[in-house]
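Shared chain: chain A. Partners: chain B in the first complex, chain C in the second.
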Partner chain A sequence: MSARFKSGDRVLVRNDDRQGHVRTPSYLKGRRGTVLKDFGAWPNPESLAYGGDGLPPKVNYWVRFDMDEVWRGDGDYAHRDSVVAEIYEHWLEPLGPSEPPRAKRRPGRRRAA
Partner chain B sequence: MTGEHDHDHGHDHAHGDHDHPAPAHGHAGIQPDSKEPSEDWEFLEIALRELLIEKGVITAREIEDKLEEWDGKCPENGARIVARAWTDAEFRKRLLADGNAAVAEMGFELPGLKLVVLENTPEVHHMVVCTLCSCYPRAILGLPPLWYKSKEYRSRAVREPRAVLAEFGTRLPKSREVRVVDSTADCRFLVLPERPKGTEGWSADRLATLVTRDSMIGTALALSPDGTRA
Partner chain C sequence: MPKPKRGAHDMGGDRAGPIDTSEHLPTLTERRIDAMMLLLRAKPRAFWRTDENRRAIESLAPETYRSSGYYQKWAYAMRALLVEKGILTEAEVDRRLAEVRRRYGLPGPAGKAPRRKPAGAPLPAGREGGGPAGAKSGAKPSAGAAVRKSGPA
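Entry: the complex of A and B
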């Protein structure tokens, strides 16, 4: 199957509240990232986990998110730090290249205890 | 117990690679290595295991063999892979290009999973977590440490990586990107730490003694030549 996204594409993680064996972590839902790599198509774990055949397979991407995009400053990280996760294609939506950059935020600081 | 797929489905139970409590009713002369069961899940595991044996689906021998197989997997295997990558430029290239194929040369297999090797450099430091469960390259590092499976590490690693790294004694300049790799699906990640300075001319075997488990998860650096934390 052909991949919908390629390296460098800007993507948005869908904010679906789907139950089940979902491999998309909640903290990345609704966040914007950049595709780093395409790991190819794999049986869909949301089906496999319940005895299904995993078909149709879903392309698994490596997506990079700026920590500032994910936590909006509420964390302990430096400005350039990032989180990278594997996200299946049906959880991603395309973002246009002309998307305006998010307003700059202060780099992360340690949260109050 | 054979699966095409070994990540832990939310409760660390994947096919043959989970943590096994010792049999509750030890045989004479054999000491159990865990306490008597008290939690519901422990009774459930015992009931299920005994039923599977009673009905002939699996044998006790197969369970023991699997336990021994998993006990034989340990971080020293990963250390050999890293040390070879430090001393063999061609192997390093192959390892970074196709982890599965490269480690297969050394006899390690990760069926149904993609092994991705993450090269730490002065620009980027990788640190691996599985926020959803406890995905870990068990075939080459053995069972994950308890902290790796703790809710605390799983939630904090992605949100305050620098604080977590500091607790492991790892302080990195802010100019270096800390890239937290959340192992959410079909890949397994092995960090290739930077080769310590002052180890020029060392053999792969000697270098391997500096490669700790934590340095291959990315919460620490490889040890200094004198064996202390870098």
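Entry: the complex of A and C
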């Protein structure tokens, strides 16, 4: 299964409020980020969680989100920091043309589980 | 901007208040729960997967989720999944809990965590009521532990 996105692609996390077990945290839904890395395809946890076979597998990505994009001024956070989360491909939509990855900036330390 | 509905576990960004980061030794009960979970999930049995365990914990009622400790959530998940997989019935668990309560002279509920309504979650139908009938009738894919054995995670 080939990956739909590559490093540097801008993506939007689907604002899907389906209930039940998903691996996408709500605070990232509807937020825009940049793909850092693709981790290959894995059995779909949303199927495995209900005794399914996890097929078809889904590609998992590291996606970086700027904290300003995530929280939009709401609350205390480091404005120049970012958060990196693992997001499965079916949660991501393409967002415009690619931009080169910002290699110089270190991604944030905080990772969403 | 309206944020999607979310479960009690989906708490990223919420005010957490002060967090107690002090170390403590696991209690005997915690060790036992840990050991039981390891045995239930060890190959070749592997009665359920990590993702099912997460789903079972996330299915706890929000009040229960928030008021329960880490291993308490594990114990609730074990109970729910053992019944769901047809390994134990609700009646067997209840009977045994009643015995234990009697042995120690304890009052109180059976220890079954209230479940959140699945709300569209693809849980197998007819499982909510639990009980021997519900557990046995399961022709659904999640019914048998035997199904589990074939696939590595």
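As a working rule, the second predicted complex is superposed on the first by the 97 of 113 C-alpha atoms of A that agree within 3 Å, B and C clash if a C-alpha of one lies under 4 Å from a C-alpha of the other, contacts with A are read in each partner's own complex, and residues count from 1 in each chain.
The rule is simple: a contact is a pair of C-beta atoms (placed from the backbone, for glycine too) under 8 Å apart; a residue touches a chain by one contact, two chains touch by 3 or more.
None of the values given here were measured: they were computed from a predicted structure.
In the superposition on chain A, no contact is made by A:5 with either chain B or chain C. Contact with chain B, but none with chain C, is seen for A:82 once the two complexes are overlaid on the shared chain.
Legend: residue contacts after superposition of the two complexes on their common chain; A:39 is shown touching chain B, with no touch to chain C. Within the superposed three-chain model, A:60 lies in touch with chain B and out of touch with chain C [touch as defined at top].
Counted by residues of chain A touched, the larger count belongs to B, out of chain B and chain C.
In the superposition on chain A, contact is made by A:29 with chain C only, not with chain B. Of the two partner chains placed by superposition, A:91 touches none, neither chain B nor chain C. On chain A, the patch touched by chain B and the patch touched by chain C overlap at residues 21, 25, 27-28, 43, 45, 48-49, 70-71, 75.
Partner chain A is touched in their complex by these residues of chain B: 4-5, 9-10, 114, 131-132, 158-163, 174-187. Those residues of chain C that touch chain A in the shared complex are 1, 3-7, 10, 12-13, 48-52, 54-55, 58, 118-124, 140-142, 147-148, 151, 153.
Those residues of chain A that touch chain B in the shared complex are 21, 23-25, 27-28, 39, 42-43, 45, 48-49, 60, 62, 64, 67, 70-71, 74-88, 108, 110-111. Touching chain C in their complex are the following residues of chain A: 15-21, 25-30, 43, 45-46, 48-53, 70-72, 75, 112.
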